[in-house]
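In this document, chain identifiers A, B and C correspond to the written order of the chains, with residue numbering beginning at 1 in each.
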Amino acid sequence: MTKRPIRFYQVGSFAVGNRLLSDAERTVQSDPQRSNSIDSGHRACQGCGEALGARYALDAAMRAANNQLVAVNATGCLEVFSTPYPETSWRIPWLHSLFGNAPAVATGVAAALRVKGRSDVRVVSQGGDGSTVDIGFGSLSGMFERNDDVLYICYDNEGYMNTGVQRSAATPPAARTATTDVVGPQPGNTFGQGKDLPRIAMAHDIPYVATATVADLHDLEAKVERAMSFRGARYLHVLVPCPLGWGSASNETIHIARLAKECGLFPVFEAEYGTVTAVSKIRRPVPVEEYLKLQKRFAHLFGKNPHPEMVTHLQEIANRNIERYGLLDADESPAARHAEVES
Amino acid sequence: MFQVRIHGRGGQGVVTAAEILSVAAFDEGRQAQAFPSFGSERTGAPVVSYCRIDDREIRTREPVMAPDAVIVQDVTLINQVDLFAGLSPVGYVLINTSRSFEELGLAELFLRFPRPHLVTCPATEIALEHVGRPLPNAALLGAFASLTGQITLDAVKKAITDHFAGAVGERNAAAAAAAFDAVVHQEEELSRADAD
Amino acid sequence: MLTQIEGSRAIAETVALCRPEVVCAYPISPQTHIIEAVGVMVKEGRLAPCEFINVESEFAAMSVALGASAAGARAYTATASQGLLFMMEAVYNAAGLGLPVVMTLANRAIGAPINIWNDHSDAMAVRDSGWIQLFAETNQEAADLHVQAFRLAEELSVPVMVCMDGFILTHAVEGVDLLDQATVDAFLPPYDPRQVLDPANPVSIGAMVGPEAFQEVRYLAHLRQLDALHRIPAIAEEFFGATGRRSGGLVHSYRTEDADTIVVAMGSVLGTIKDAVDIRRDAGERIGVVGITSFRPFPAQAVRAALAGASQVVVLEKAFSIGHGGVLATDISMALQGSGCVVREVVAGLGGRPITRLSLEKLFYKAAQGELEELLFLDLEVDVVERERERMRLERRSGPSAENVLRDLGARSEGPGR
């Protein structure tokens, strides 16, 4: 029988304001002096992963930047729910231009600050997966190539949610969206090769690339802080479940994000200058079903007319991620566990 | 107003020739306008450039339809392009060649234009000799100065050295001077032949 | 200092004197020489402090410019034709956000079919965007307009584009009196933004505006352009005081005092028109020309005043609205409503077709005879058009029209026996 290490979760837990932690180890959010960059009163849905992620990311960025920060926002959910006319929930300088140009606009802001001798003021550019992976892809790549001093954060809810849940290049295979409906011989999104933005970002050899989820908010903050310690182009890809678009319960957002990581479909890692430097290993491996079954967008894989072959296909994708990034120790890999069960 | 049209191929410095000509005229206190018949960059394609010289403000922007002088930088354009279209009956023709008008099949020009206004100049050879590259434009400008008297050789040389820095400029200016002399010589021969 | 210089270079030198802080551009004929020259100046340190950014598309160029402007920097870019269309979303965005970006538009035809030569279709495509559009007649005016443009843009918080004919002006070498730094500095103070991204005073810029307020926001933009109708002549007057040169303003008139027929046009063709007007005047015709410098805002009042007394107005323009007619002509007609003046539209020079003085002389003669049709396409090759129409009538699969026309023209130029 293989030995399994027992981990204590109390210190270093996911809890935001853990009283057992020293101040230095607590989250920015637990600090009453946090900047509240995006303040309460915004109009996000109940359980919105993006609102959660943005709040953590921006306050962490503000602290790292000594509160000298400008945010550029692409069109999308975050922009819309944070600035419901005539109000704004932003307490920091904030600019929204267009859907496809947030990286380029941020380049301009950074250039202006530099030319005015205010390089102490840092720039964050942010958008959803639609603006980042599709329509703004060109300008993102341009910003990366020039190594402009911008931290770009992609809040990935795997679809164009604000316009009614349409498919983006980040939508996972098999998922139901309004433009990949569960009809016909191949219900849901096609099984293409995907568009792996974190890897594409790494291919640009920029100083820092990382992925994170809203299940581990300490980790998210730490990655923002790490990103802010670099100058040049940096990219952070955050998985943010969308209860509306994913058809999940609004109180399960964090749980679902954790399952995305733990089943291997969303690898969590860091990279610098094109090479992976750290990986967040899977703690408790789970089959993809556990993750998929909580979301109505995958309901057609199960139930009365199930598609077990699609589930298998998704598991294969997860397995490939696990292998590619080393998300499990050798004896913990699905293959090893399978072998163990057999013996 | 004196209007010049320069014909050549892309890469031969046709556009630069018009520009330098205009600068030379400007340096002598004239008004001058130079522009190319525009196109995408393409070596070898027929190119035309224009230069207008006047003492009054030059307002018109049309291509030179009725030139007072035509410069031909590349004889392979003969029979490909209507090089002498609109040329004034007392216009000048300057052709970059070491052959004669007759050998080029252009003897008919003698019937249309004053003979002393028609000269050839082996500008490519002169350029090779002085500059080491077969770019005839600078030499042709020296020849033009001699032929038409619209600008002085000194102005041409200064405009050339202002445009091309260092030794390259000096050598091109020398080529212009050599071409200037060659035309002077040719005109002398012509008038001697005429007198016979 | 009076210099014999290529138009693009004159623009680059003048823009540099305006102390832009962020310059970004994507190359497109015929603007390339402008941006290259500015780039060299920045790289050599002659233009400093300035960030020169090579962007990956025109859309990025305008986006970078507006981002820089929002952060308080004086921003500049340049484009033409297809590039303008590619950045169109951002062009509207800059105007809507009230960011005083200055842009050179090296007027070039819009495809398809692809055409790199001059006409005004690109400027016309964005005439409703809220940008101020100024048209230069000469390279001197083009250079001078840039100085005035920064001043105007920053005063009003309205972006300004200086339109200059691609190739015809950009690539023409002619005398331009370049200003000196002291004169420009005295005329153009540092950019003092109305709104700026500043951590010390955070603001949100670019929020959604719903039906409750959008109409008002748009109307405010309109009022700013109407303000420009006053500021443009005032700034031009101030410029005259500083330099002794009359550049800019709303409209220029030439020999219109007793004119029966007045030609109206924009841009470099005005030079050729003036030569033709002089010749017709010598022949006894009472003809003059009005050049429109400020196309947007459209100076209806100044136009009416300049054209008062003419019984016939001939609008000659390098653009048209397909299926309708002239663009400038429509604006002029509207301005002349109720005046009793006859307006004739002439579309000329599309895609860089040369407009010759001779053609203009014939046109003006025809106009003087009262024989000008309502809408005329100058120097149109009617037989070529007819041949293509016939081709299309005879055969469904008639092929791409443009290629057919080119083939016809090619066959014609080859002619028999060549």
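Following the convention adopted for this analysis, a contact is a pair of C-beta atoms (placed from the backbone, for glycine too) under 8 Å apart; a residue touches a chain by one contact, two chains touch by 3 or more.
Keep in mind the model is a prediction, meaning the values are calculated, not measured.
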Would you identify the chain whose Cα-based centre sits farthest away from the centre of subunit A? B
Decide which interface, B-C or A-C, involves more C-beta pairs in contact, and give its chain pair. A-C
Using CA atoms only, can you tell me which chain is the most central one in this structure? C
Could you work out how far the Cα centre of subunit A sits from that of subunit B, in whole Å? 67
Quick check: how many Å separate the C-alpha centres of subunit A and subunit C? 46
Distance-wise, how many Å sit between the C-alpha centres of subunit B and subunit C, to the nearest whole number? 34
Within the complex, subunit B is touched by subunit C residues 4, 6, 29-30, 116-117, 165, 167-168, 171-175, 268-272, 274-275, 352, 354-358, 418
Can you check the complex and tell me which residues of subunit A touch subunit C? 67-70, 72-73, 79-80, 83-86, 88, 90-98, 100-101, 104-109, 111-117, 121, 138-139, 141-142, 145-146
Touching residues on subunit C, where the partner in the complex is subunit A: 21-22, 24, 49-51, 53-57, 59-60, 63-73, 75, 89-90, 93, 97, 197-199, 201-210, 212-213
Using the touch definition up top, name the residues of subunit B that touch subunit C in the complex. 18-19, 22-23, 26-27, 31-36, 38-40, 58-63, 65, 79
